[in-house]
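What follows is a group of structures, each given as structure tokens.
In the two complexes below, chain A is the common chain; its partner is chain B in one and chain C in the other.
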Partner chain A sequence: MAAKKTTKTARNEPPPRPKMRPMGQLAPIERQTIEKIDTLARSAVEAVARGENPAMQMKMRALSNVSFNEKKRIIELGDKTQSREFFNTSMARKFMQTFLIANRCKELVGEGKTVSIRQMYYLTKHTLKGTSENTFEGQEESDPIIEDLEVTIDTLREELHLFANKRGLVTGNLVVNDAGDEIDLSKMGRGGWGIPSICEEKELKFVRNDAKFILLVEKQAVWHRLNEDRFWQKQNCILMTSEGQAARGVRRLLQRLSGELKLPVYCLVDNDPWGLYIYSVLKQGSINLAFESMRLAVPNVRFIGMSSLDYEKFDLPSAVEIKLSKEDIQRAQQMKKYPWFADAKWQREIDALLKNGFKMEVDSLLSKSIEFMTEEYLPKKLRDRDYLT
Partner chain B sequence: MAAKKTTKTARNEPPPRPKMRPMGQLAPIERQTIEKIDTLARSAVEAVARGENPAMQMKMRALSNVSFNEKKRIIELGDKTQSREFFNTSMARKFMQTFLIANRCKELVGEGKTVSIRQMYYLTKHTLKGTSENTFEGQEESDPIIEDLEVTIDTLREELHLFANKRGLVTGNLVVNDAGDEIDLSKMGRGGWGIPSICEEKELKFVRNDAKFILLVEKQAVWHRLNEDRFWQKQNCILMTSEGQAARGVRRLLQRLSGELKLPVYCLVDNDPWGLYIYSVLKQGSINLAFESMRLAVPNVRFIGMSSLDYEKFDLPSAVEIKLSKEDIQRAQQMKKYPWFADAKWQREIDALLKNGFKMEVDSLLSKSIEFMTEEYLPKKLRDRDYLT
Partner chain C sequence: MVSPDLLPQEPKEAPKRRATAEAMASRQREISVSEFFTKNRHLLGFDNPAKALLTTVKEAVDNALDACEEAGILPEIVVDIKEVGKDRFKVIIEDNGPGIVKAQMAKIFAKLLYGSKFHRLKQSRGQQGIGISAAVLYAQLTTGKPAIITSKIGKGRPAHKIGLRIDTKSNAPDVTSDEIVPWDKEHGTRIELELQAAYRGGRTGVDSYLEQTVVANPHLGLIFDPPKGEPTVYPRASEELPREAKEIKPHPHGVELGMLQMMLSDAPDETIKHVLTDRFSRVSAAVADEICVKAAVGPKMRAGDVHGDELDRLHKALGEVKVMAPSADCVVPIGEDLLKTGLRRRYPKAEFYASSTRPPSVYRGNPFVVEVGLAYGGDMPTDESADVMRFANRVPLQYQPKACAISESVYQTNWKAYEVSQPKGSLPVGPLAVVVHLASVWVPFTSEAKEAVAHYDDLMRELRLAVQECGRKLATYLRAQHKAQSEQKRLGIFQRYIPEVAEALSIILERDKDEIARQFQAALPNFVRLGQTTEGADVAAEEAPPAPSMLPPADSAAPPSMGEPPAGFDNDVSSSEIPAKKPGKSKN
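Moving on, here comes the complex of A and B:
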């Protein structure tokens, strides 16, 4: 092994030159991104030329700099900034890493290619010439640098041509154009269209919409049941599943559909603290990604269920009950204190969960009948405007 | 809570009558399934009428009844059977549960609806009248009963209208018809079509195929990279990702594509024991689902990479190396003893992994360049017929 390592280090060659497109062929947003990266790099070079310590300013990504904006109803980053300097032993490595990643992102944008954040790690990892030091030791080093770069030049990672793993499916009365292909989402059979990781305007366009609203369901099996019953056709809507916590692609797509097509968004999650959390991240963003709430949060999303009050309202059988765990109870009590759940109607909802002493899955609606969810539960909720915001 | 329980038990009503289609409207496979369930039920009723102990015979699903069929090259269940009897205190509960599930499956087939195995749990869970006993306490009770039923009446769960969560995406030069919708898989943009959980002939038909082979990749991000580079167009193929271990839908789709369209299948997984396992389950089936290998295994799938020999062959940099863990080494040593890896070429492959002392992810091919995988690695492998079977 030791012998092999030496050979390998020796044969690390410089990567081939990227096939950058001329600036004239780039979309405006691509040019903007490249200019932001160039500006960052230029300021460092100029500092060196002036004999100064090159530094970059970035908003602090820490709990102490995160707050809930009552007016916009989103979680956002405050104005506290920090400086990252080159001539500082604790910062030099990260400084170098930021520029390595910025450089690769510039190439990606120029080439019109995208890679996953794991692939970016491999694109930038190498052994520094003449040393045994690696530029990155693991992805846990490169991921935060990507977030730093996003904050520093105020650019979504999607605009840097980086993607996280995608998750989520969509079907319904909407025609889109994605990367040049026209896709009729009402002709997707039982499979649905996979929601891309990157749902920006450049690649994904809305061609024709007949739907009146969007229903996002947490669980894939619920989406399947509704799709099989052609719920989206009967109710004239767009039916999406996030398959758990919503990925960035799903959030961005929802935000664009809600904003550009002026469609109301309803969210159907399990009746438990995790379901409330999924809804809450969709609506006001998360603490971790507070710097991107503006681009990802959907403040007008409506919580259509499952509500703790549905148990009585729909006369559900005892088979639906799953006893709350100690963690569920603690989590619910925490949630009662969140400013976005301060309203009396939300306090009543969370109190009802605690009073019930049990949680419920959306799937359990099938204990009434196979099509209860499609033909009774959701239509009644929509008709009665029975939702929380 | 105690008071509530009583009320709820009292208000458990019988489920509404299902909307069964007349037998004449059913597809042949649907009629067959219903007849199989009816035969099972009739034999129990007749035993009771004769004053006998109703019993059903089922193949034993135990390691002692599983073996590798060298000729067919699949893992299959042997002929040992066990009997499940009604008048037997240790079997009565399972006997009752089997008929509860069989009855619901019959309704599903009759109605032309499908549900997830979790939803089936809710469909069949209720409190027995006049007692505090539940038909099922949890899904861990209902899942094995579903497998029992599959084996007893020799029917795939898909034919019983049950689905597991789906996973996997596909794009490429193939047109399918799914549930009446014609879907051109070469017009899926960046999203791909979600592979249904149930890929049986009744719903999913192959309309037109121009592809020459199928490439299945383990990782979604690798699929994304290849799709963005339009690998399937340049190489004229169908590009699928299993997103990890292949779900039943992916396996069944691969088997049908391979069999009905006579297409070779290449499999690209990470260079580690888990990747070899994913390949191995695709090819010869798994011990757990040995009773379904005939319907799910794809014995002619080819392992195209990543091979441990690729490190030298493609002059990869040391950045790709991830040290083997103790578990990796143990797992690789176990795998060397599997009969389906007995061939000298496989022994050489696994030995090379152990000798390297490191594993590699397909993503790490990007350390050569962004498009190395699309433009050099895979084309060379295909050209040189450099794969294992």
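Moving on, here comes the complex of A and C:
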């Protein structure tokens, strides 16, 4: 195989100044975003002109600043803020990065373009003059800065004209309109419809719904199995997969479906602490995105499986058992203390997992038969209302 | 295992007589010192050709320095080494000393154990009067050539040039030639020896000896003409001649039994009490009485009658009696300032010099002073062990560093506490040179070759304290440096990001990029202690060249002083010459 030749070109010249659309042509929300970025920049310049340390205040996104709102049943960000200063060796780099991103976001909003967070990484990455240091060393460095900017100026990612790679699939008895195209989700064949990263009303509207509920499965393979068996048709539902931990698009879509169409949401994850965690994030949000819980959390999502009690209930063979690791046990014990798992039925569920001493994958249901999941497991669970909330 | 006692024993037989006392007596005769030397030359530092060359140069230079200082002359010494054949060198050492009277010339250079220094207690380089004549003997033994000595004792006096050999049987000089030569020097001595030798570099070489000698003797002007290459000239660095060391009488605590015996037999007709008060230092009549009581001998006893048990008791009592320490003016340290001057000669590019001279102390009745100097940084290698120079009465000790109390004091010190890295149980590693000087009336060497200092507790304690004292000065300096460096580092971070931030802000706000960058630069001194480096340099103003300026002056507006004044210059350094810092002072 011939080696691929790559040529490195250093980005030294600043790109040409963006052509802003006149403010008058911008949507109100876009004007607002631009004003927020301007204000942030102006306050930095004014502070430094006074000889002060330019700083930006942002809500702390840490465990110490989140709390569980019992009434709303979601994780909320507290009021603790942190100051990001330029003249502070541990913050200078992040301060610089925040304004690199802010600058590009203003450009995107002004020009009416949207890029992925990975593309934003490349837009803002370059080598500092006279050093070997890059403005960003990886996307894992730029992604949190984007989130920082979101909380700092209280703006959503999509308002900054950014999106994440889309993750998650959906199919079912639902017709949507996405950016003007009408899409019948019951005619998606084997592949399903990819859930966009941004699922706001502006772009995505629900046109017609016949489904009675939503089933979200953790794994793509499980979704494929169910889709192949036309589970959504037989049960008249919307079938989604988050493909692992649910991205913001999936969570937002789920919340809107649950809220606007008043559909119950069922969630099928592996029987292990990680599965419980996925469920937990769907239900009340995560620490990192606590500022978005209001828009993302689905507090009434129902945990349909796999439960540790299913092992006996469905007389599963011992072949399904996977021994719990030390970390699994620790994680499970931690979860027992979560306020949203304080309920006796959740305590019983986690205790059962620990008592079993093993975990199970949803896929292991196939040890009974290929169609077991579609024909017996899920229908029985739904029929028996055998779920936890 | 079976004990050896239980093993069958060979039957014991009375050994056969092999020689009669008479037969043995026929072989018993006096051994001349020279003969002894011929067989045991390693004892005096002539074990191998390289060492022989070093010892020869050393003995001659040490003698020259001693003579000059005693006469109150600032020494000017020329060392010339020529390779005259395979493994053969001619060594010429010439000084501007007082010269030697004609009658003594032969004996001084060609009679072993002849000299002025053995019989008195006075700090000097040479101690036994064996060194230079040993060199003459060595030269004679290896090349057969006589030593050529030229000496002149004053203006208008003749310069005598004599050839000398040593009669090894009788330990007596044998003058092979004698003439008067013209010499433009006012006074001085020149010795010329041809010997089998090897010229080597490194720690134990002649070059190293001379370099170190120059450190410990700032008042010495030296020209060294090596076998190969250009001569090196070390101009005199100080016009100050070391204070003359006072000769002292033995102190009761330091006297050895043999010495006591000799002192008593030197004055057989005097009373013990008289000998004690007259021939010892710090012994008053009351102390003498106390000694006599302790020793249970009558104070009026004739010195010549003290023998056996009485002598033992007297010696013991001398060691036990409470008596004032000997006066310290018999010990002459180099001094803190001159030690630094000396270091500067050897390491002109170092960034920091420090020195500490301890107050005089006593071991076994011998007064001594320990002083330590160090040079740090500059062009010294950063990844090698520190260069440790050991001196006893200003003479470099080049051999047996491992056996020497001085080296031990250096590697037993915890240098990490002074910001210098140090592998466990070894010398510190870094751009560091340490000078340790032990000045004493009687330096306790481990052997006659005078290569290493013996471990006496009192001595070790002083050595350690001196190294620590000097180490603390270094630590103070290095901490200030580190602080300045970390400020420098912080500055670098901010300056690296300012253009980026300024550019992003300028685009967002549609303002001039350079203007924003300027505002950031102007605010910078409020957040970086730029004055820090300047202060660091101030601390070492006397010892170090000023540190390079850290920053292009950003704005003429004086930055407000940030936070607390820089720490680090605490009471540790009370004895040092570091000037008090002036907070808030800035060179910008």
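Heads up, the rule we're going with is that the second predicted complex is superposed on the first by the 293 of 389 C-alpha atoms of A that agree within 3 Å, B and C clash if a C-alpha of one lies under 4 Å from a C-alpha of the other, contacts with A are read in each partner's own complex, and residues count from 1 in each chain.
Note that in this section a residue touches a chain if its C-beta (ideal position, glycine included) is under 8 Å from a C-beta of that chain, and two chains touch if they have at least 3 such contacts.
Note that the structure is predicted; figures quoted are calculated from it, not measured.
K.L.:
Pick one for A:S318: touches chain B only (first), chain C only (second), both, or neither.
P.N.:
Only chain B; A:S318 stays clear of chain C.
K.L.:
Based on the superposed arrangement, let me know which partner A:F87 touches: chain B (first), chain C (second), both, or neither?
P.N.:
In the superposed model, A:F87 contacts chain C only, not chain B.
K.L.:
Tell me the contact category for A:E35 with respect to chain B and chain C: first, second, both or neither.
P.N.:
Touch status of A:E35: no partner.
K.L.:
For A:F99, using the defined touch cut-off, is the partner it touches chain B, chain C, both, or neither? Pick first, second, both or neither.
P.N.:
second
K.L.:
Just to be sure I read the superposition right, which of the two partners does A:E52 touch: chain B = first, chain C = second, or both, or neither?
P.N.:
A:E52: touches chain C, not chain B.
K.L.:
What's your read, chain B or chain C touching more residues of chain A?
P.N.:
So, of the two partners, B touches more residues of chain A.
K.L.:
With both complexes overlaid on chain A, does A:L169 touch chain B (first), chain C (second), both or neither?
P.N.:
In the superposition, A:L169 touches chain B alone.
K.L.:
Name the contact category of A:E133: first (chain B only), second (chain C only), both, or neither.
P.N.:
A:E133 sits against chain C, while chain B stays out of touch.
K.L.:
Starting from the residues of chain A touching chain B, keep only those that also touch chain C in the other complex, and list them.
P.N.:
Correct list for chain A: 107.
K.L.:
Show me the residue ranges of chain B that touch chain A in the complex, using the header's touch definition.
P.N.:
Per the touch definition, chain B meets chain A at residues 1, 5, 8-9, 11-13, 15-16, 18, 107-108, 111, 113-116, 118-119, 122-123, 125-127, 134, 163, 165-166, 169, 176-183, 187-198, 203-204, 220-221, 224-225, 228-229, 315, 317-321, 357, 361, 363-371.
K.L.:
Please name which positions on chain C make contact with chain A in the complex.
P.N.:
489-490, 493-494, 496-497, 499-501, 503-505, 507-509, 511, 516, 519-520, 522-524, 526-528
K.L.:
Name, in rising order, each residue of chain A that touches chain C in their complex.
P.N.:
Touching chain C from chain A are residues 14, 17, 37-38, 41-42, 44-45, 48-49, 51-53, 86-87, 89, 92-93, 95-96, 99-100, 102-103, 106-107, 128-129, 131, 133, 135.
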